Amino acid sequence: MQLTIDNKRIDVAVGTTVYDAAKQVGVTIPRLCYLNLEALGIENKPASCRICVVEIEGRRNLAPSCATLCTEGMTVKTSSPRVLNARKTVLELLLSDHPKDCLICPKSGRCELQNLAIRMGVREIHSIENAEMSTYRKDQSPSIIRNMDKCVLCRRCETVCNTVQTVGALSGVNRGFMAVVAPAFEQDLQDSPCTFCGQCVAVCPTGALTEVDHTPRVVRALADPTKTVIVQTAPAVRAALGEAFGMPAGTLVTGKMVAALRQIGFDYVFDTDFAADLTIMEEGAELLSRIHRMLEGDSNVKLPILTSCCPAWVNFFEQNYPDMLDVPSTARSPQQMFGAIAKTYLADRIGVRRDNLIVVSIMPCLAKKYECRRDEFKVDGNPDVDYALSTRELAQLIKEANIDFNALPDDNFDAPMGESTGAAVIFGATGGVIEAATRTAYELFTGKKCRQIDFHELRGMEGVRTASVDFDGTPIHIGIAHQLGNARKLLDGVRAGRYHLHAIEIMACPGGCVGGGGQPLHMGNAQIICARQQALYREDAQKPLRKSHENPYIQQLYNEFLGRPLSPKAHHLLHTRYFDKSTNN
Amino acid sequence: MSTFKMHLLVCGGTGCRASQSAMIVERLREALAASGLSGDAQVVATGCFGFCEQGPIVKVMPDNTFYTNVTPDDAAIIVAEHVLKGRKVERLLYTDPQHKTPASDSKHMGFYRKQIRIALRNCGFIDPENIDEYIARDGYAALGKVLSEYTPQEAIEVVKRSGLRGRGGGGFPTGTKWDIARTRRSDQKYVVCNADEGDPGAFMDRSILEGDPHSILEAMLICGYCIGATKGLVYIRAEYPLAIHRLQVAITQAREYGLLGADIMGAGFDFDIELRYGAGAFVCGEETALIRSMEGRRGEPTVKPPFPAESGYRGRPTNVNNVETLANIPVIFLKGPEWFAGIGSTGSKGTKVFALAGKINNVGLIEVPMGITLREVIFEIGGGIKDGKRFKAVQTGGPSGGCLTEKHLDTPIDFDNLLAAGSMMGSGGMIVMDEDDCMVSIAKFYLEFTVDESCGKCAPCRIGNKRLYELLRKITLGHGEADDMDCLRNLSAVIKDTALCGLGQTSPNPVLSTLDNFRSEYEAHIFDRKCPAGQCKALKHYFILPEKCTGCTACARNCSVNAIVGERRQAHSIIQNKCIRCGACLEKCKFDAIRVG
Amino acid sequence: MDKIKSLDDLRKMKQQLEQQLRLREQSNDPDALVQIKVAMATCGIAAGARTVMNTLLERTAAERLPVVITQTGCMGYCHSEPTVEVRKPGEEPIVFGHVDAKKAIAIIEKYIRRGELLEGVIPQNYESI
Amino acid sequence: MNTTDHDEHPTVDGIPERERAELKDCQIQTIKNICHSFRHDEGELINILHKTQESFGYLPPEIQECIARELRIPVAKVYGVVTFYTFFSMQPKGKYPISICLGTACYVRGSEKIVEALKNELGIDIGGITPDGKFSLDCLRCVGACGLAPVMLIGDRVHGRVDPLQIKDILTLYT
């Protein structure tokens, strides 16, 4: 159909919005609440901010271009004086109910509201002195800070929390001027069903939802001469950190990242990938033992086994599937395995007392901040992992340290806990953990060399995937889900007997950890997430060793310290248990 | 049984009393006594006849003779001629201005034809909890006619021909609305009756539901047949327990008679009706919000399109009509669309029910043909302004409407004229205001309402209305500044232009219409720091007239903030910036020396 | 009660019911019933219509008066609630406003029994179709 | 149910911080029955809340949680609905809840003065409850009795044409 936008004629397909049509003639209409989470197949389109309004001939009032479909012969003005005045007035209204502490706001510089104010040239806000602001109690959970004074009610977080993740921690509450998005009874997130997946933070346009910032405490520890500060970096970080320094999505910056961490002053720079290999040893052994028992006819065996690397997922099943607490693998996540080994084995080796050893992790994730605070992962109150920084915080720290990231030479991780195989690297992508487990489990199960290394049937972006891998005559059925909403679908399917699976991998975030809540914001852009995944698969392909059990330092760790997988010592340090956190109990 | 053969009714309304109707009563009684007729005719003072313009009024029963402009001196002649000799006093008879002939019988006076009850036809006439009385008054006959004589399409044609427009506020043609819902394909469609009457000061729908619930059920059945729906839902305010009760009774009775359920009247048409309750949210009168509320969710409106006719309750085509709209439907089929279209004005057919309230003598529910003037409604039917005060404005359309003033008194009331005058029909509340009402405060009152009732979804309504309210509040507190009026105007225009739903798009109307019609009042508040109506407490000034003050010190002793100074036996004065305007001094002064300005 | 199965059923029923009502409403028999309607909408009830209703019922029963008392909806005279309409056989209906228990008794004693009007009669000001 | 300690611990945003009272088994059963009568349909949430409030007088957190469990929906959603509609209350009401109509008709006939008089007389604000739990004070929009303006409701009883000077006398009717 044909229409006219700003005096330009254009043909568009039926079903095109005015916003998209305008884009086709080179006009980008400013907007705020709208967010297309195409990677998640979800559109947040409340049409409520009213910034993207345009004038349509014959229409009484202005139309929100994001939610108005083109019609034949439509005449649209995107920037008439009437539109400009309305847009600016509405923006001023939003600003009149927004704190003006932009200087110290965690979102400063990346805030969509601030960007709009700059774009629209707002220099003063025409509203009366002492205009009332809607203010709410601050809520600081271990992972996420809610400062709802800065909420613009775009509802993106509510959509993500309910529609994408089906967590249901957040809902629109109250009415009118005091309307806001909050947990039930405006309770703290910690008391709500929140899993700390951080996807709400990842889509928040303003400083209303931000992560708890641990960088000042890390810097303080680094400055303390009595402390030995070591750092571990999760696989997904290296695939996204470059974006914070202007590099295209999917640029691998492993070497630069190590160099930067060393320059910041960490005493040892290690890799969470090492612990990922360790995870495969333990989880793989657990999987095999359960499969063996099943094949021997043990009817009590819990299958499918569920991965337990993702702390948001762990929170999710503790909340929603209390009847299935003995189903997931008891293996701790790589972050926590790393911490446990660092504060025992490594501390011994380098001769540092536990309480003088500070373990920092760099994670694509906000739930990791919560995970490292869990009581199970403390010894006499001293946590195995002291601080978990997000990828965004690391980028901030690098900038603060005045490091020219792009010019850094590549550096290598320290031994022994910096060595890893390709299997560990792909932990950061959905399907990666199960693929890594398959590579090792196949060889341990069959006793044969696994010729196939790349299991393409386990990769991809589909929310719920199943595949069968032939373990030399024994078909092993595998399920994969990413995003908690898909996890719920898969789990409910298993419960209802629609799926018969041996092993399931679940990651809370879109695309796996690469799309984590602590990463540079992807805003639902599927291309960014896929590019990060591809970067991880590239690094995997380049590694000389690509199966976890082949990691020589892992072998050494078992020989010198742990004995064998699932040994009592391994159980003590590398496994955990789960709690019923449902509201039913 | 009667001992009196004749009754002389004398209007005892405020207007007539002001023109000596009490004296007329007295003189009539004297005259009757003098003629020895005290036992034959009785003189009674009545409530207002609502015809104050021609008052005082005397009506003689049983022959319904209607005398206007009666003076106490006329009492003797009325008794001598009419009561004694049975001859009407021609001179005092009401003269119809159109026909210039005296009307002897009040039934033939234009005034009594001003109100015609269609939607309210059974209210106050039948027992609403008895379906038999409804049936005796042709109840469910329209349904029977439609089911046996019309195809859905033909029936919708009838509604279209009647010219009926939605009475809920928007004025959308009802037949067209039905047709849209009819043409949608779906496994299930819904008929929804919007009984979430929320305009403060409007109670038409409540009265219909309480007085004639079956008419709504019948209309929903007809609508269901027309659009192809088998389920009806009434969304009703929880604040209306009696209406809910009567609807429940009516539904039960209709089911017992087989008028709801399967195969109604053997026509193979199934239909049933359930109730859904509102829970105190004005915005749920907006149809998309209403639908979300019926689904058990927060009543936040959604962008249209899609319209409910395409995707409504549970994603199915849904036709939403207001109570009063539905109440007209059975009559249209019984009396014919042409009859209905013969009532009213060019663009607005039929009648409209108004809830007259505020500073008016005859607060009440009236139903008048579209096209009647405000003057007729307020001064004739409504009996004029209470306590003989001066008419200032009438607010129509509730929080979405505006204030109409003296210059609009002769404008015929219909959808289009009210819109052109900066107000709207709304659901039919009419609040009359007199000289004591401050129009800035009235605008503030409505904005406070909107701020309270805004759902908070879209920014212009959530924040913009709050800012409008704050500006108005600032003005009524006497802190107004020169450009506040421009600010109000711009903000109002933008909110109208950008708000998501009907609530926000109309919420600035009370501001704009008072700015247009009472600009001088705003100016008085802002520039002179005065409230001409004397309503804004912050702008009241108490002062002492030195010539009247005796220096008794009563005021000073009773001033809680020591704002009054002066020597004993000398004139006192009030320190304005200390005064908290409590009014205590005014009460205590025995010498009428304290004034408020 | 039987179900109404067709338009014919409805028409028959209507005729029957109408006759019953007409008997009640338009009989010229001086001994026929007096009809009393009490407006029982929210306004009316709030203003005390229930008390009025009860008083009327009690008093007319006690005195065995030939009276039918029914409730009805809002008559529109909100300014004068509670309102009561009395229709004596063959006469125009009269609406009384601001009725309380005392006035209800007065209506029976003065108007119904003796045809004497009370102060504050409300002039009916509309036509109903 | 614990209704005494909420007065002592008000928090910043007005939601009383209190010991989460445990529901008694019979109370849980009442809620279950209500949910059951609506087929556990989340589309009937508002009807369910109406019925529950009818039974319990108000909707404290533990009741909302129970309803959420029964309907298998997030409690945040229930809370979102409860806070949207003014008819639902999370505070217990007084023995005699007083509601003053602030509709236009009542407003122009002076309902604001009634509010002031009641506030003074009872020593509580709108939304408050007297220390003895006897009266609570709220506003509402139009009960549709505009002919009697200004109007106030005490319990189910409508008081029309209220004069601020009568407040004291009216309140003494409720002892």
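Chains: A, B, C and D, in written order; residue numbering restarts at 1 for each.
Heads up, the rule we're going with is that contacts are C-beta pairs under 8 Å (C-beta built on N, C-alpha and C of every residue); 3 or more make two chains touch, one makes a residue touch a chain.
Since the structure is predicted, the reported quantities are computational estimates derived from the model, not experimental observations.
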item: Central subunit by CA centre of mass proxy; value: D
item: Distance-maximising chain from subunit D - centres being C-alpha averages; value: A
item: Centre-of-Cα separation between subunit D and subunit B, whole angstrom; value: 28
item: Whole-Å separation of chain centres (CA-atom averages), subunit A against subunit B; value: 57
item: Whole-Å separation of chain centres (CA-atom averages), subunit B against subunit C; value: 26
item: Computed distance of Cα centres, subunit C from subunit A, in Å; value: 74
item: Residue numbers of subunit D (touch at least two other chains); value: 80, 84, 86, 143-147
item: Residues of subunit B touching at least two other chains; value: 203, 206-207, 240, 281, 298, 357, 363-364, 453, 455
item: Residue numbers of subunit C (touch at least two other chains); value: 42-43, 45, 77-80
item: Contacting chain pairs - touch in the sense defined above; value: A-B, A-D, B-C, B-D, C-D
item: Residues of subunit C defined as touching subunit B within the complex; value: 1, 3-7, 9-11, 13-14, 17-18, 20-21, 30, 37, 39-43, 45, 70-80, 85, 88, 91-92, 97, 112-123, 125-129
item: Subunit C residues touching subunit D - in the complex, by the definition given at the top; value: 42-43, 45-47, 77-81
item: Interface residues, subunit D side, partner subunit C - complex; value: 143-148, 151, 158, 160
item: Sites on subunit A touched by subunit D in the complex; value: 136-137, 162, 167-175, 182-186, 192-193, 583-584
item: Subunit A-facing residues of subunit D, complex; value: 11-13, 15, 61, 64-65, 68-69, 73-80, 83-84, 86
